[in-house]
Each structure stands twice: as structure tokens, then as C-alpha cells.
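The following pair of complexes shares a single chain, subunit A, combined with subunit B in the former and subunit C in the latter.
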Partner chain A sequence: MGAADDRFLQMFFEEARELLLSLEEGLMELERRQGDRTHLDKTFRAAHSIKGAAAMVGLGALAEFTHGIEAVLDRIRSGTLAVDSDVISTLLEARDHLSVAVEAEAANSPLPAPGDLNRRLLSLLRDASLPDPVPPPSASIPAGYPAAKVERKKPSGEAKSKPRIPKSKKTSSPMDMAIGSFAEHASGVGYYRITLKPGPEILRRGVNPLGVLDELRELGPTRVATDPNLVPPLEEMDPERCYLVWTIEVETDATPDRLDDVFLFVADDSSVTIEKRTASGVILPPPEVSKPALAVSKADKVKSALSVPSPAVASIEPSGTPAHSAAPPPPPVAPSARPSAAGSGGAPPPRMSTRIRVDAGQLDDLVGLAGELAVLSDNLQGVREIERNQPWIVTLEALDRVSRLIRDTTLELRMVPVEELFSRFPRVVRDLADRFGKEIELRVVGQETRLDRTIVERLSDPMIHLIRNAVDHALETPAERVAAGKPRAGRITLWAGHEGDRVALRISDDGRGLDRDRIVKRGIAKGLVPVGTSVDDPRVDTLIFEPGFSTRDEVSELSGRGVGLDVVRDAVRGLRGSLAVESQPGKGTSFIFRLPLTLALIDGLLVETGGGRYVVPLAQVEECVALNGTSPALSRGRPCVSIRGELVPMVQLRELFQAEGPRPVRQELLLTRHAGQRVGVAVDRLLGRVQAVIQALGDGLTKLNRFSGATILGDGSVSLILDLAALVAESRAADNHAHKLPAGVTPEVYR
Partner chain B sequence: MGKTILHADDSPSIRRWVAEQLNDAEVTVVSVADGDLALQAIQKNAYDLLLTDLEMPGLDGLALASAVREIPEYRFLPILILSSRKPAEVDPIRRLAVTGWIVKPAEPEQLRRWVRRSLHR
Partner chain C sequence: MIELPNETEQETERTQSYVIFQLGGEGYALEVSRVQEVIDLGHLTQVPGGPKWLRGVINLRGHVVPVWDLRIPFELVVDPKPSRAPCVLMVETQVASDVRVNGLLVDRVSDVLDFTPEDVQAAPPLGLGKASPFVRGLIRHQEGFLLVLDVDRVFTALGSTLTGGGI
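For the complex of A and B:
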């Protein structure tokens, strides 16, 4: 069962991570959405589910700690604790600890319990105005819950309240009972006389009292008696009512706990008395066993409860019918579904849709295979030209259509809404605003936009970086803002949407904007731009993305822009995206990520150079022009060509690849942009457009920066994918910034 | 004779755990993620036992139990609650439709015994 345990644990960790996100989101919104019962319920449920699942997989300490969070939320829910930012902060901190603790468990190195946090959670539970405060977490840890609803009143029952490890099912419960048994009656066999008077409603609860008798028979020799006269004549009888009372004598070595257990189903509304006789026949005082702590075991109490007509309906409280029960109708559940469906039914509570978890690696493989299928089908289309293949045309067309659909659908599987990314930021902004003494309003637009999940995962850090910069430096303090005639609270807007075939993410603030004067000065000092560069030169803004442009010391001097922005840019480039900045002094700054919809597929240009065929990502190519054999001009010792009057440095791919043979008379120049500057890459021939499924290069090839991957072409041959940005960087063609950039071009870094 | 159990819980790991504990040659567990789904499922197909969590999105466990009791075929259906809440934490009136109550974390053996008993096996 070890392997199974591990599977549950892995599943739990995954589930817990999602629930923790949902908990965080819930807590963040709690203050603003006071009185929103649905929201509170959702938040509570996240904590509750973590607790339940943690306890179930045997992580008692986690469950215990989560119980504290849950209990506080429960008090908020019941209206006995008012929500204020202190409460929220404590809860958020507790959530953070929980998150760390979950990861620690996942890494198999459990954390010690945080005494301080526990105490603070406790204090939130304690200072109740209620006479009967919620018990502190330590007093009602889930792991210590009695495993069944009949609580033992006797000391022997204490054995039950030790935290136990559900994994070791063979040892725990029965052992506990065995301990109790020795303590309780060393004599072993006991004689009991039991009276069972089922509640009148018991049948309507789905309980079969005969099951109790069967269970008793399993414990030892029994004698069962009942009085049939208690049953009224047929015409007066309610067939759904239980009229009988049983007296059972049983001789058993079972422990009192075990005996209790027999009555689990009936204890709630039936009256059970258990008298124990010693071997000498003395009857001991009865009912210690038959008093389940949880419930009304006295018949008269039960009656009052039962006097409500039609209990099933009457028992639903208004709050029991949640507001969001109008969820979209989920697909029907196949009754034949085997247990594996257990893992598959499940979306986390916030998204009420049915989902299946799959291994991300397998999904990538599937995407690759679907791409290959589409390529193969493409190839096959060639045989349509052959006369005798006429009968197959319809099939071939269908194959083409289906294989494309398969490819598109599998690609779609990799897409997730950017909400998964954006949902982390309210918290980040809140924390940062607190730390820097700013007031900030965060707006999120377009979070349903879908994006490749790898991109979503890898964008988190770059975006946090930019948000931190915005909060720390770009946005003014409330006082400064008021003085400048702006609203007190700064605003950060996260925007996502489509721009052509790309997805754009925008992080905008309404702060002070880039300080271009200082950036230019700094750029000149660093030799990144020529002396005398105008402040309006579009290259200025992109300077902030240059490595080493700014160091930590200059953070405050330059409004922090530039700190490690090269790291951000590199991360975005690694995702085949671009990063741009737009800024207006005094009005604010926007960073714009432009990203491909998916990483698995690129639109490319198929080119030929020196006899080899390569794919160039179309996104890297701004323009193609013909080179009609004129030898390039030299500018500062580097080859340049004149494109419509503009001097553009050029890289000869043939030379870079050291191709042999004469250069063709006519070549093609691919214009790309590197560090804000246009650079041309000369290739021998353009062969056409391709849509390529990217396959990663093997380990041995990853150090070749020139290539970002490989793909299978329509004819089945393999072609490398060129990385123009890396090529240009390698050739250092763009190093010299002497070439004048045309005005009005938005500086943008492509890769 | 095979029996079919409907299990409702919003936690995938608990659904998985329950299914693994209970599935055998004679018992099939069908799992759903919330109360609304459970109600739909139980109206569509015949089940021998309903096992449900309390706190779920949509219909909660007790509302589900009451709604199921209202369906004529299920007047006497065993309905078990599997929750980390104790029955004492719930108003007795709301518990009336419930056959039995298992508190999480539950021992596998305990869960199996309860289910076995409810199914009269």
C-alpha cells in the first residue's frame, strides 16, 4: 500500500496547492466583500478541504494547523468575529505558513509548528464575546477526533484521542481498542444485557435495526427477544415505522468501545441501554456506554425533534441552499465509471467544471505527436495529384482535416487562462503596498485570456518583478500624489488580450513615468548610446533592458527602473516573446509583454543557406528584402546595406556557418530587430512559410545558441530552427550603435 | 450481486482514497465533485448507498441528503456522511435524513465496515 500512499500524497499536494491559491484569493477579497456569504463560504471551504484531505492522507500536523485557520473563518462566518485587516493579515500569514509547510511535507522534511502563529490564531478564537468559544485548534485537532460518532465517556476512550496515522491501518484502531480492553476488563469475557428501542423514524433514515442484531451476533453468542405485541393491528400500522423493542443478551470479549460501535447508526434517535454483568451475575449500573455525547439519546428529547413534519424538507435551512447552485450543468456521470473516475471528476471548488489531470510531460508528447501527424498528413496530400489515387481523395481530405483538428485541439489543451497568473498578484500588491507605505488599487482586465501553460508558469516571476518596481518606485506616496493633483491611491492595471496572433500582457501604473534625462545620462556614461543622444530617441526606453545598465545602488535614483530588467527581458525572450515599455512623464509607465499563444508551434520561414534548410520564426522577421548582388558597404568596419536609405548592419549566414561554394548572385535579407536596432541576416533563398511543431534539441545540442529547436518538415526531413536574435548577438553586428534609428519606431526587443 | 455507491466530495484526493478503499468485486464507487452533480447522478441511475461530504460547492451534504430522501425510490436509501465535522456540530433537525456519520480522518477498515453494514452485506 506504500505506492498507493505515495499517490494519495502527491494528489494531496497538488490539490493543496490549488486550494491554497483559492484560500489566498478568498482572504484577499474578504475585507472588501464583507457580507458576501457565497464568497465567505468558498474561502472557508478551501481551508476546510485542505484540513480534511490532510487528515485523510495522514498529515495530522498540517490538518491541525489548518484547523486553526478554518476555525477563525468559521467564527467570521457565524458573525462572532469581525473582519479587519489585522485578522486578514494573521490569516494570510497562516496561509503562507501552511503553504510552506505543505511544500516542506512534499519535500519530506516537515516543519515544526509555528508557535507564534498558532498563538495568534488562538487569540482570534479566544477573545470571543460568546460564552462558549470555539475550542482552540489544539483541543479539537481533526486527527484527534473520535473516529466515529459515539464518544467514549470512559478514560479508556482516551487512547482514541492520540493522533494516529491512518496509513498504518492494520495497527491503529484495533490496537487502540485492545489497549482499552485490557485496562477496562482484565477478566476478558463480559456478559451484557442490551435493550434497543429504535426511534420511530429510524427506518426513514435508511437504518435497518436488524443490522445491529447481526453485528451483535458477530461479537459472541447472543439471545435476542422481542415482544410482538408492540406491533399494532395491521389496519393501524404504519409500515414505515419501527414498533419493536429488542432485548439482547450477549456474551463477548469485545471492549465497550467496540460495543458502542454497534449502535453507531441508531444511537442518534434510539434508546439503547447496556448493562454489564460480572461473571457472578451482578448487574453493574447501566448506561455509561449508551450515551453518545453528540446527541439526544433520551427518547423524549428525540420526540420533540421529530415532531417537525416531513423532516427532510423542514430541515433545510436557508443557508443550506447556496446561492451558486445554478452552476452550469456538468456532464452526466457514467455509473459504470470505475474508481479512477474518482480522481478525474475534480475541479477545485472555484472553477466548477469537470477536469482531468494529466501529466504535463505526456501532454507535451501528445502535442508533438499531433504535430507530426499533421505534417505526415500534409505529405500524403501529394499523392492526390496521381491519377489512379482519385478514389482516395475524399479520405485524404478527411485525414487532413482530422489531423489538423487533432493538432489544434491538443494545442488547446495546453492553454490556461491568465487568471491563474493574475490571481497571485492582488496579494503581492497588497503586501508590497503595506511595506512601502503606498496606497494602491489593483485592476485586472481580461484575465480569461488563454495562454500556453508553460508561459503562464514562467511569467510569474518577471511580472512580480515589474509589479514590485511599480509599487516601490514608479508610484508616488499618497502625499506626493495629492500634491501632484492625482488621486491618493496609485493604480496598477494588469491587462491581458489578443494582439493579432499574439497575446499581450500589460502592466501599467499611473506613477511618475521613466526619468529619461537620467536614463540618457546613464546610457552615455555606460557607453550604451552615443554622446549627444536626444532624450526623445526611442532607444532610450529600451536602455533600461540592457544588462548592467543599472545596479542596485541606482535604484532610487532612477525610480528603480532598470533593476534587473534584463533578467525580465531574457525570461520573456526565452518564451519567444517580446518586452516593450511605454512611458509618459508624470502619467505613468506600461510594460507590455507580447507572447506567442503557444510554445509548441511556430509560424516560420523556411530558408536555405549553403545547401542547408532552416526554419526562422516568423515573429523574429520584420521584413524580407532582396539583395541583388551588390557588395555591402562597410560602416565602421562592419558590412551594412542600405534599405530605403537606412543603413542596416548585416550578418551573412553563409559566413557564420562557413558554407563552401560561391555565394548566389541573388540573396534574401531577413530584417530583424536587435536591441532596438534593425539588423539584416542574409540567406541564400526563401523557400516559403511553414508551420512547425517545435521539438526540443537533445542535451548535446542545447549549448548551440544559434538553434532554438528542431522540426520535421513536410517531406519528413529534419530542419533546425534558427534563433535570429542569438545569431545577431553572436555576430556582434549590432554592437555598434552608430547607425541612426528611424524615428517613430516603437522600441521593442524581439526574439 | 454488485452494489453501486455514489460518493460526493470536493476533494480529489479524498474521492480517490474512498474509491480505493471501497472498490472491490462487488462494490463500484461512482464519485462526483459536488452536491449538485450527486443529485443529478442519483436521479439518473440507481444507487445502493450515498456517501457524502458536508461542505461542498453547490448543494451541501445535508441538503443533498434531504433532497435524495424526497425521491420516492430513495426513501430508505442508506446515506452516510463522511466529514471532518462531528455530528454534534450540526443541528439535529438537519441530520434527520442521515443514516450514519463517519468523522474524517477515518480508518479504511472503519469506512469499509460502515459501508458493509449499510449495504447489508
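For the complex of A and C:
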């Protein structure tokens, strides 16, 4: 039981994190998309879903706090609260608090105090409810009831603002839920008869149907009835199965939407019929009522029909069944569809994109296995050369095709749209703009571009760093911008797209551009560039990526915590990517990340040196040239070669690896770039191109630094993946250390 | 497990099975639970610049696994022309909280034997040479002693020297 509880809790945390994200996105867009009902509904549902889910797993305090957010959103939905920047800020802060609280629950640490958030949420509700500036149409509020409601609401609302220290485990719902909806939609009291017939599996899914009853009680006076005869004798009873069917009569002024929302969590595997009654108690015929508030999922119709074995069907059953048949068929595409909102005009319910959650570890295993399968297939391909025209060749080719498909599909599983990364930034930009008193317009382009999920995860911090820089340093204040003849609002553009076989991400601003004079001065002072370096030297821009380089003298709260762009660049390099900068004075700056599509697979060159075979990432090789032993440009011992008239320093891999045996007369030179300079790495032979599934080397071996991993070749042998940049750096460090070479043979001189 | 009469059942619970192997002329013992499998040494890919006791990496059913030669840090004799091919013990090692699989090159795996905790004597503080810190105890067996290897300690201690070694 404890394990099951734990599992549900884990599921809740995962779900809550996702919902919190969509709540944030929703809130961010709310101001811009005023009047967009669908969007508002979606945002409201996010809050509502969190509340419901929290209550179901017994996290009453979370549910209660979320209720406040939901209530404000409900106010907005009912048109009694106008959306402005302050409202959004409060809601965003409340969301943040909720997010912190969820993480605190997940880590089993004490919940943070909500501060004045409860009070502020409440004041939003009060502002709207007390003056009641725009009485909603057809507000034929029955006497007595709303007044009593208001009386009841206030004290409980006050109680809410007190920090609740002990978290009540079970959803002792009268406490948590009956606090009273802050904002009911005052469209007149309706009498509803609701039949709730939970699916037999509902308890196993960890859903507590009683939560629904509690929530209905919250909406108004209810009468609940059920037929105990449906429960089988004890010896036949499955304790994890729900046998009961409830009939609830509720008198409420809530909208049909609101009623539908109550059943959000049970709608998937329960059948729910909602019938409206006139005050006289006459039940309206189902066809008329089925439209606003009726939700039956198709699967459940079948399931519940089949899975009630008892012939003694409850008396409510007949009334439920015709209602089923009258229900509009649910959209077949969304099996998990929630009750379709009455106001959404028949559009499919705005469920978030059909997403699956996959365990990252399993996924990695799958990628490894699939790679292995392709390798096995390669082995068989090798055997094929021996015997021709055998029937198994067909099978073999199929195996080859299938295994490659599996590999590609599983790699695809690792890919996520950069939207997951970009979606955090509107909030970041909004907060930063507020803080620095700047006006910023954020544009996002190409967010559907897909990228390895590990890359997406690890890019978040570097990108936020650059965005902070842009807001803090690069973009001018509105006054400065106007004076410079630019639009008041600065613009930051996030762009994602493909560049060849790489993905490029670009963060551009239209701010003041890099201050080259200052960078050069600083670079000279730090000894990074020679004295007298021109401002136009292309190396100037890349100086900002040097460790400890900062042109800002004062340390700003956000951007100058001693973390420089070198950290950003290193992070990108760790992902086998590169970071570049382009800047025009007065026009703006762009930072460009160029990244591999995936981390699990690389295109490589298979090379041989000193009897060993190694894979070199193709991305590190600019060019291969033949080295025929006659071209040393300087005397022996000064490893430089002339490539089309350019003197290029060279690293002999054989020597670095201390390979035995004579050097072959003809070698190949792989040209790569190190610190902006061309450097050649000499290998004995090129064997061809390979696509390599990368495996990490053990802890001890990664410290070696020469190899970025290992891969298994077609013949089953292991080949190490060379990191050319590290090899060149190592070789240069060895040279400098040995003081053997005259200082003149460092690459910089030969530009 | 070996079938034993009821009286000794209690005894069985207390015994521990050990894989007995030869390393540079010495007999070693390692708990069976730590050994995943024993394989013949196939193609080894050498790691230039790796520590001396790293013989290379192998492909263990699609996984790249390093193979280590304890004879080098233990300063045992390495037979340049062994009469039979060495084999590799695949052992699970735990360094900090990280569980990994590593290969240990051994001359020969001779047996799997059961011993009770009483069979395992404390190792003398001296006299075992470079292997001393990594021997948890001694088991008297036949004519001589078996050294009980503490693989976690081996990889924890030698792991830190991985980069220093060079070739």
C-alpha cells in the first residue's frame, strides 16, 4: 500500500510539474490574449487539475492554495475581474510559490510560507466580489442563498490566509474543499441530478471518487444517494474495485462548465450524466441538457456496460443509459478527453499535445540496444561477402533495414522540440524587464525544431545567462533607445533552425552591440591579444569568451556573479557544440549556438594510427590532406607543414601515443581548428566514414581527456573516439612544458 | 547451491561461495556475488595514455568495459608467454555510490568453493607486498593460502592514480 501511495505521489509530482509549466505559459499569454476563451479555459484547467490532483493524493495544503489561484481565474472567466499586469504578476507569483511548495513536498521538506500571497489572492477576489461592478447578465440570484454564501465565504477565506503548518494528509475534504468556492458563476441557481458511475478500475488508478462528491458539496447544497445492493457479498468482493453508483442532487449557481470541471479526474473511466431539473423538480429530457454538460467517454460506455455483472441494476441505471446514447460522441482522437466545455463551440477539448513520459534511463538503454542491433546487422553484412546469392540475403537486408529503423526511431525518442527550452524564457524576460526598467519584446522563431533532450536540458542555464546579459547590458533603456532613433521596446529574438546536420540556436538583441574598444583595451591589459591589436581584428569578438573576461567594472546583481561567458562556452562545448558571436555597433548582438542533433550518435572518420583504430568526430575535421613525407616546411623536429602556402603546426598522433614501428611514408593529415588556428593531426591511414553510437568511458578514463568516448565497430571491436581539440591542447602543453621548441613555432605566429 | 542434509542447513546459510583464481602464481578468492561472469580474453582495444594496469577495453555484449591487470600494481610476475590464454572476471565494483562493471585479467579460474566466516583469517599487516591494502583476509586451503580480494578498495585506491600513470 505504501509503495502504491508512493507511486501515486510520484505520478502527481510529475503531472504537477507539467501542469505548473502550462499554467505559467497560460498566465504569460493571458494578458495578450484577453477575450480568448479557449486559452483562458486551458489556463483555468491547469490550475484546476493541480488542485484536484493534489487533493486526490492527500496534499490538502497544496490543493487549498491552488484553489485560490483557480478562484481568481474563475473570476476572470466569469468576467468579473479584469486582467491587468498586477493580476498577472500576483498569479505568477502564486504559481511560483506553488511550484516551490510542490518541490518541497516532493523532497519531503517543510512547505514554504506563502507570505502575503493568500492575502493578495483574496483581495483580488474581494475587489471583484464586493463592488460587483459588472453584474453578469441574467443574474437572477435567488434571495438568501448568495448572501449566506458570502457570509460563509469570508471567515473561511480569512482562515486560509493563516499559514498552515501541519499538512493534513488525507483530504479531510470538508476542511479543505468546503472552504467555499471563492467565485461562483452567478448565472442563477440550477438543480441538477448527476449520476456518477465510476469505472471498476477507478480505485486502482488511485482516484478517490469521494473527492468529487466533496467538490460538488462545495458548489451548493447536495443530496447524495447510492444503492448499497450493488456491493456484492464480502466473500465475492474485490476490495480494489468500485461497485457503487451515486446519484447526487445538487442545487448550485455554478455554470455547466464548472460542473463539468468537477468530473475532470473521473471522466476518463467513469460514466457521468448531468441532468438539469427545473425548480419544480421536473427533470428535463436528456437531449436538451446533454449539450451543455454531459460527458461520457466512449471507452467507458463499453466498459461500464460490460463490467457490471450484477443483474440487479440500480434504479438510476435506466435513466443513465438513454443519456449515454443521447450524448454527442466524444472525439475519437482523444481517449483521455475531458468533458468538452460548453463554451468551446464543439472544438475538441484543448488537451496539451499528446505527450508520453518516458524514463530517461530506459530510453538510454533502448538507444544503446538499438545501436547494438545495427552493429549485429553489420556483422552479418560482413558474412554476406563470403557466400553470395543465398536466400538469407533477403532476410539479412530486412534485418538491416529494421535495425536501422529501430535505431532511428529510438534516437527520435530522445528528441524534444526546443519549445520546451524556449517556453521558460518569456517569463525570464518579463521578470528581467521589470527589474531593469526596460521594455522588451520577445520573439520566438522555430520552436518546433527538435533537439536531443539532454542538450535541451543543459542549454537552459547558458541561454538564461545570455538573455540576462542581453537585458542587462546590451539593451538600452527606453529613453536611450528613443534618443538613438530606435523603437522604445528592445527586441530579443530566439531563433532555432537547422544548419546542415547541426541545429543552430540564436539569441539576438537589437541593443548597442559589443563595445569593441573596451574589449580590445581589456584584452591587451589581460595579455590576451598583442598590444596594438586593431579594433577590427576578428579575434576581438571571441575575447569575451576568455575566462575571467568582463568589460563591466561594476558587478550587477544579475549578470556579474563572476560567471563569465567562458562558462557558457564550456557548457556548449561539453555538448559537442560551438558558440559564436556576431555583433554590429548600435545594431545589436547575436549569440549562436551550433549543436549536434543528438549526443548519442556521431558521424565520424575511422582512422588508423600505430596499429590502433580510432574514430574522429567529423565535426572536428575541416579537411583531410595527404601527407607524403616530403613536405615538412621547417627542419625536422619542428612539426609544421605547408598547406597551400599556409604554415600549419602539426601533431603526430603516433608520437603522442608512443606507437612503435616505423612511420609510414604516406600519412593523412586531419585539419582541425584549435583556438581559432588551423592545426593538423597526422594519422597513418583513413579507413572510412562511420556512424558511431557513443558510449561513455568509465570515470577513470574520462580523466584521460584524449577520448570523448568509445564505440563498437562493425566487427565487434571497440574503438576509442578521439577528441582532436583535447589532443592538440595536450600536445601544445607538452611542447610548452618541455621548452624544446623555439617560441616561434607556436601557431599564433603563422597566421 | 549444493544439497546438504538438514542438520547443516544453518551452516550453509553462513557459508560464502568464493571464486578461486590464480594471479601471478598466487591464489586469490573473491565472493561469487561480486563476479558476474568469466569470459575468455578476446580482442582488446588498447588505450594510449591510459594507466599501465589498464590492459584495454573490450566489447561485452555491446558495452565497453575496461580490463585491468592487477599483477602490475601488485607487482606480481607477468608470464610473457602463458601456456593458456588468460581470462577475465567481470566484477561489479562500487566506488563511492557508483556501481560499475570492470574486467579483471587473471591467469586462471580454478574453482568455486564455500567457506565459513571462521575460515577467513585476518591478513597479516606485513608480508603481502603491494597487495596488502587490498587483501581482506586469508583462507587456508590445501597446501597454502588464498588471499581474499577487496575489489572495491582496489578500484577506489587505484582509481585515483588512473591519470598519473602514463605509459
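Methods note: the second predicted complex is superposed on the first by the 475 of 751 C-alpha atoms of A that agree within 3 Å, B and C clash if a C-alpha of one lies under 4 Å from a C-alpha of the other, contacts with A are read in each partner's own complex, and residues count from 1 in each chain.
Keep this in mind: contacts are C-beta pairs under 8 Å (C-beta built on N, C-alpha and C of every residue); 3 or more make two chains touch, one makes a residue touch a chain.
In this text, all values refer to a predicted model and were calculated from it rather than measured experimentally.
Of the two partner chains placed by the overlay, only subunit C lies in contact with A:F657; subunit B stays clear of it.
Once the two complexes are laid over each other on the shared chain, residue contacts for A:V375 go to subunit C alone; subunit B is not touched. Shared-chain residue A:W495: touches no atom of subunit B or subunit C. Taking subunit A as the reference chain, the count of touched residues is higher for B when subunit B and subunit C are set side by side.
Of the two partner chains placed around the shared chain by superposition, subunit C is the only one that A:F707 touches, whereas subunit B remains out of contact. Looking at the shared chain after the overlay, A:V718 reaches subunit C, while subunit B stays out of its contact range.
In the superposition on chain A, A:V207 makes contact with subunit B only, while subunit C stays out of contact range.
In the superposition on chain A, no contact is made by A:F422 with either subunit B or subunit C. When the two structures are aligned on the shared chain, A:K42 is found in touch with subunit B, with no touch to subunit C.
Residues 4, 7-8, 11-12, 15, 42, 44-45, 48-49, 51-53, 55-58, 63, 142-143, 145-149, 166, 169, 172-174, 201, 203-208, 211, 215, 240, 264-265, 268, 293-296, 305-306, 308, 311-317, 320-322, 324-325, 327, 329-330, 332-343, 345-349, 352, 354, 357 of subunit A are the ones touching subunit B in the complex. Residue ranges of subunit C in contact with subunit A, taken from their complex: 43, 45-51, 54, 57-59, 61-64, 66, 95, 98, 100, 102, 159, 162-163, 167. Residues 368-369, 371-372, 375, 610, 612-613, 656-659, 695, 697-701, 703-704, 706-707, 710-712, 716-720 of subunit A touch subunit C in their complex. Against subunit A, the residues of subunit B that register as touching in their complex are 4, 7, 10-20, 22-23, 28-34, 36-37, 40-41, 44-45, 47, 53, 55-60, 62-63, 65-67, 69-70, 75-79, 83-84, 86-88, 91-110, 114, 117-118, 120.
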